[in-house]
Amino acid sequence: MFSYILRRLLAAIPIALGVSMVCFALVYLAPGDPIQTLLPPDADAETVDRLKRLYGLDRPLPIQYLSWLARVAVGDFGRSIATGRPVAEEIRRSLGNTVLLASVSVLIAFSIAFVMGTIAGRRAGSWIDRIVTGIAVLGVSLPNYWLGIVLVIIFAVELMALPASGMAGERFDPTSWEHLQFLVLPVFTLSMIPVGIIARTTRSAVSEVMNQEFIVTLRANGLPEWRVLRHALKNALPPVLAVMGLQFGTLMGGSILVETVFAWPGSGYLLSKAILTRDIPVLQGTILVLALIFVATNLIVDLFQSTLDPRIRRG
Amino acid sequence: MTAPLVEVENLSVNFVTRESNVTAVNGVSFTMMPGEVMCMLGESGSGKSVTMRALMRLLPEKRSVITGGIRIAGQDVQAMNDRALRQMRGATVSMIFQEPMTAFDPVVRVGDQIAEVVALHRGVSHKAGRRRALDLFDLVRIPSAERRLDAYPHELSGGLRQRAMIALALSCEPKLLLADEPTTALDATVQIQVLILLRKLQQEMGMSVIFVTHDLGVAAEIADRVAVMYAGRIVETGPVRDLLRTPLHPYTAGLLASTVHDQPRDRDLETIPGAPPDMRRLPPGCSFAPRCPKVGGDCLLTVPPPVSPAPGRVARCLRVPAAQPEFA
Amino acid sequence: MSTAISDTTPPALAELAGPAQRGYWGTVGYRLRYDPVTLFFITILVLVILAAIFSPWLAPNDPYQESIIRRLKPPGYRGHILGTDELGRDMLSRLLYGGRITLTMGILPVLVATLIGGGLGVIAGFAGGFVNALIMRIMDVFYAFPSVLLAVAISGAMGGGAVNGMIALTLVFIPPLCRVAETATTQVRNLDFVDAARATGAPVRLVLWHHVLGNVLGPVLIYASSLISVGIILASGLSFLGLGVKPPEPDWGLMLNALRQAIYVSPLAAAMPGIAILITSVSMNMASDGLRAAMDVRS
Amino acid sequence: MAMTSFAADAADERDRGGPQQPLLTVTDLRKYFPIRGGVLGRTVAHVRAVDGVSFTVRKGETLGIVGESGCGKSTVARLLMRLVDPDAGEQVFDGEAVGEQGGISVAQMRRQVQMVFQDSASSLNPRMPVQNSIAFGPVAFGARRADAVAMARELLTKVGLNPVLFGGRYPHELSGGQKQRINIARALALKPRMIILDEAVSALDKSVEAQVLNLLQALKRELNLTYVFISHDLGVVRWISDRVMVMYLGEVVEIGPADAIYTGPKHPYTRALLASRPALDPDQRREEAPVSGDPPNPVNPPSGCRFHTRCPHAEPVCSARAPSLGDATGFGHLAACHMQDAGSGHTAASVLQ
Amino acid sequence: QPESVLRVAMTAGDIPLTAGIPDQGFEGWRFVGYSLYDALVSWDLSRSDVAADIKPGLATGWHVDPANSRRWIFELRHGVKFHDGSPFTAADVVWNFDRFTKESAPQFNARQFAFARGYLGSFESIEAVDEFTIAITTKQPDSLLPYNMSFLMLVSPRRSAEVGNDADAFARNPSGTGPYRFSRMVPGERLELVKNTEYWDTARIPHHDRLVLLPMPEASTRTAALLSGQVDWIEAPAPDAIPRLRSSRMQIVTNAYPHNWAYQLNFVDGPFRDVRVRRAANYALNRPDFKELLGGVALEAYANLPPSTPYYGHPVRYEFDPARARALLTEAGCLPCKITLAISTSGSGQMQPLPMNELVKSQLEAAGFEVTLDVMDWNALLQVGRDGREKHQNVDGLNISRSLQDPFNGMMRFVWTQQFAPRGSNWGHYRSEEMDALINRALATFEPAPRLALLTQIHEKMSEEAVMLWVVHDLNPRAMSPRVRGFVQAQSWFQDLTPITMAPR
């Protein structure tokens, strides 16, 4: 088991390196000048050149990459061109907000979707299966940023029941409704897609397991249906977990649109700002960290899976 | 005289799907005494497994239509409610399968799977269930039983897995064991070990066994009585010796003749021509008629009724005389 | 001269022995015929696609013709069946024309990615070993990015625009398609019939073409079809962020973005492009689900 | 027309060495499958699937190979077809080394050696009408499509299937026996001289098995074929084979004429195997299993004689030293057992002599 | 009595820099710069009926050295204290100028340099004459220098020294002389300021206790935030949301200010070389349509500056006249007249670039133009603007909205040869000796009245020459809850928030 973990960790290193290279290349392929963010719109070209030199952006790319990598390796992501603050700090803060949003969304999505998918998977082909599938398809088919706007209008503007955007403040306090209410709409919006995807995965995993022979054995041994289901769910869980992990990773980096709509100061928001302002250090750092989180999430899910399913542990 | 343990009366099973309607079992009747071992022989798809599952009501309820009567240990299986059904399953009747790999939950240790069933039926703790599982492993002669209890199914070899499966099936000392081709997936040297083990356990525990196989040799090794199925019907039953020596039904005879066992090499094997029928579209009359060497026009018209030429022997063939003098 | 070592079954009975000849796709079609839900959504999808293709003939108005006095009028206003948008352009015409752009944005990247990613996956799966490792590790790197992030980052890097947006989406879809193709190929490759074909001594090219591709195509196409709805949503998300199609093209995502400001004045107009995306995407998903079920001949 | 002549020519022009030259000679064939593991995914162990196997197949004979599951039968078959590459060993086909300088190429060899797989279902392309599957080989070797399909239909007749009814069908529309006939027809399509049948009848029902066996025998006679017939069904192997090779854990333990092996097995494993067959007579039921336990894991095969862990006659020498395949009796009946080797030091050696 | 709080939703994507001169455009100056800091010169934002002009700030007065027209003398205010308690003196001003300009100084800051540079075009050197007097020498006579001084925020050298001259650390704990003190900041989310009870201008001590600034770049998000009571004040609501806001009893305030939404033109490469084509384009636009599109919160722009500007004068009024436009094009021999306009999808001061540009395109085309819109993102467009026409000869017009806060930035930089891009803002290289002469004279005229006459002449000439394609002036709409009292919207990019009181709920 330990060697399995170690092997997976080692395998992640080249991926991480590749990811860093892609991040770097991606950002430098971009036309336009990062230095622009620094400047008022009226700044002239001479000022631009001078600043470029001051920020070391005039050196050859490979050198910039290597020095960037060397600094990133020790946790120094540089400073934001736009705000002058250390990128690591910006990422940490916005990541915290996004982790909050993404994990609550995924957990809620998981609890709802797992139940939905299990009910549907047990009775594949029935009308209840059709309904669940319908809801799931709706979840993945809705452009969620649009849903977010609609929800804001209904619940914040018309009913004035919930805040429209933002989050309460510096320290999130999960015990206070003052703070929690800010989560409601973005979480609901964000969980639509995971609900759809997790419900579908659960449904197919459960229905597949329910068709396996060992289910017959369990029934043949007189196990009540809920115990049979417990066995089935233990078997169905690994693929569902995998999808859940992917969804968490996707939400970590993919809530750009929703965070924009809700002015949620998370990593997606940070990223879209960085893209619009060409804030290279922030862009690189954020993309890198998000991709690495994605890799790490998958790794953790793998390890979870292998504890759930002994057949996965090899070597 | 003791009451029969199993009484099956005109059992039929239909699978109804959108595209087709399969009559997998078509009017099967038989009875079994306690302590009897009956082999069900027949080609693939002849309905052996479906019959076994029908006995425990394990067929998908939505898609299958079961008619006819099933009584096990005096209880009407068809009329059982869920609770009664669960109490019967595993305790009165239990089952072992061809592929022990797929018959175990792959993510739970085998010892725990057995313990769960024991704990459920005996109302004891899980720990006590594990102790019972250990005894059972010794019973089925699994070496280093203690260690094997903690193994996952995929960590056991084929033979050990099948023994574990048997241990699971015997965990609550059932009155009837349904064994669906339990040795087909095993190697020759292992198969004989398992067969002998099963026979011994059956005698020790005095249970009845229905043993499904399509291997005549296996039947000869273990059965008291044989029922031969063809296309969803039992075409012949009888004591194992008589049936193997003097088969009544042409299908049984053909099966015996085409089984390769030390026939002369310079001559072709005797065969049954053609292939088993499509269960979706059974021919009217005797299902075996299209392949039968003794076929006549009457065979195609009606399903032959069972005839009993000798005590204990029944065949469904128009060519079998009602009573044969030699056996009378 | 040939010896008759024949099956003595008479022809008439032999025919009884198996189902009617239908062929693989015949069977799939047959199964689809009995799935009204899937048929319904396929019909909608076909209608949407036809509407997009024939939009120049179907659209009642010029989708670019604005008129400030007619802006944001409700459906039915002076022959504008679905009303007008924020510049007084005919909603229906824009939605019809928009279908062209949006569907292209959704479908074309998937197609190209299927060719590239699927091709790479088949090569990786069939070649195995080092080639496989090389291709798949590179894919892993791209796979390590959440798709929205990658799409936004790439089109952000290359600058907006329909073409760049499509390139970004293509790059996003290549890794997953490559994975699916690789898995399917590896599975097929380990089946005996591929070995049987190799055992004839036929060149690899022919084995690949006749025996592997046909069997890999199914799963890859099903997966690709389910990606199309993702593509449509992602593409409109890009437009929404200002990274996709450029105005005044009537892309649904862009319309959503522009009309969002008008949501207080004319909620219906603001909702319409979203509804168009929703309908298309739901139909796409349901059709692909139905197809998947129909193509799974085992069940 | 050439395409219609499937009957054996009086003298096959491909025959090089004459009847005395064995069609196939295999020497010291070896295949270890690596098992990867550890932190770096390096090879940590090997499955010794085939470990030093040597045998010959004479022209026109049938060599049966028996053994328990996992003993390496299929691997031998795949090695012979070069579907997997051997780690060591030499393969000579009709006097020519396969895949070596001055010998014949693998592709050429494959035209003369064909294979039928156990799983009749997975060995046919589910998306291809069966006649196209049969015609694939000839088309790949340049035959015109129409010719190849016509020939495929002729082959269908030959294996007892009506081409009109069956030619255009897809595999899932056929029964197991019919599929296996198609597989045989495909193997015949390149007019091979030798066919390797890997469990070709094992998955079939008894009644169908007999049909296919008869078909195989008839084809062999008619087309002058040579078979390597792999099975774990001892009865079937005996009926079809001229000579039989018994394998255990990747090694040959006994090889010789079929009757000699069945009537006078020399290796304890062969004896156990034969004794494990269920008798067809209820009055001769076995009370005691001939051997106990399962075959050991081929990753860590036992030292010395690999059977010694289950052998009733095992002595210290058996675990110390591996016996060699010796012909104690002459007549080409070879067995790898210390009891057969007078000088081995086994106490029973001389007695059995 | 509970703390009274004013919560403002800004259009900025992030909190403007708090370390001195802010970023995020003039919104940064508006809410952060002039709240935390003062410049030598202030804007008088107390009236809504006249165009805002400068007034004394940290300098109580200024005049040109009678002996040297390149030397300006500024008298500093006595008794001013930074938030950290240190007194404000001439040395602090010099220190701040070094921070902007002197790369070798420890307090030099590249970002501050970048922001200040645009206002120090004529700056040569600074000296402290005595403790409360400084003198600034310019490269050439610059009568408009005091305007530029209004943009340079002065920070506390003591606080800067305390944090080792680290601008980032300073930003997290800034110290200025402004009417608000820094309270706390959640980066990316909110900045909170509290009133400075010791502010030197006692009239401008804030009438509320706390000012909360929230960045919300999405117009619909801002609107929703106001409607749901999350904030009290939003900048630039979406025009289409205004009726909905009104129906919720929100106050909508607008006022003219020196902004225009226009196109800078290419005077060298394309059809706009010809003044007739430029005029034709200006005649082709029906500006009331734009006002309609923008929900009424805009002013038709017939010239560079809105009519309330002192130096507006009597420019040509380019009323909608498509026939005349077509005639002019025919005369110029350019029909259809193919032009390419570079536009962006968003950006500071760009209003609603997409629909507005689409409308421009269709109206120009109705008059005989053939318009290609080259859509790019905001930064790419800025880059095009910075590069100048030479690198973008296929671009005929550039849709960047500029701030026109003072005469130099409002007019001269667009038409002065010294401002040719890439050195300055004259993107299309407009060249006119007459114009150059006017500008030089205005810069050398220190008497307000004659200078005003010259400035008016410049404005009129720009209009006559049709140096831009003018569309509308923004009216700077903002919406606020009925609880916000006492706000006076000045005719400026900047606003004074200090008089605002918050009515109790």
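Going in written order, the chains are labelled A, B, C, D and E, and every chain counts its residues from 1.
The rule we apply is simple: contacts are C-beta pairs under 8 Å (C-beta built on N, C-alpha and C of every residue); 3 or more make two chains touch, one makes a residue touch a chain.
The chain list, named the UniProt way, goes like this: A, C = Peptide/nickel transport system permease protein; B = Peptide/nickel transport system ATP-binding protein; D = Glutathione import ATP-binding protein GsiA.
Quick caveat, the model's predicted, so the values are computed rather than measured.
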item	value
Of C-D and A-E, pair with higher C-beta contact tally	A-E
Chain whose Cα centroid lies at the greatest distance from that of chain D	E
Between chain E and chain D, distance of the C-alpha-averaged centres to the nearest whole Å	89
Chain C and chain E: spacing of chain centres that average the CA atoms, whole Å	48
Rounded Å distance between chain A and chain B, as computed from the means of their C-alpha atoms	53
Distance from the mean Cα position of chain C to that of chain A, given in whole angstrom	24
Where chain B touches two or more other chains, by residue	273, 275
Set of chain A residues in contact with two or more other chains	31-32, 149, 153, 260, 276
Shared interface positions of chain C, touching two or more other chains	7, 14, 17-19, 159, 243, 260, 263-264
Touching residues (chain side chain A, partner chain E) in the complex	31-33, 36-48, 51, 54-55, 79, 82-86, 89-90, 93-94, 149, 152-153, 156-157, 160, 162-167, 169-170, 260-263, 265, 269-270, 273, 276-278
Residues of chain B defined as touching chain D within the complex	43-44, 143, 157-160, 187-193, 195-196, 199, 214-218, 220-221, 223, 240-241, 244, 254-255, 258-263, 265, 268-273, 275-276
For the chain B and chain A complex, residues of the former touching the latter	53, 56, 58, 82, 85-91, 94-95, 97, 99, 102-108, 116-117, 120-121, 152, 154-155, 168
Touch list for chain E against partner chain C, complex	219-220, 223, 238-241, 243-244, 289, 292-293, 345-346, 352, 354-355, 357-359, 361-362, 373, 375-377, 380
Partner chain B, residues of chain D touching it in the complex	68-69, 175-178, 205-211, 213-214, 217-218, 232-236, 238-240, 272-273, 276-283, 285-295
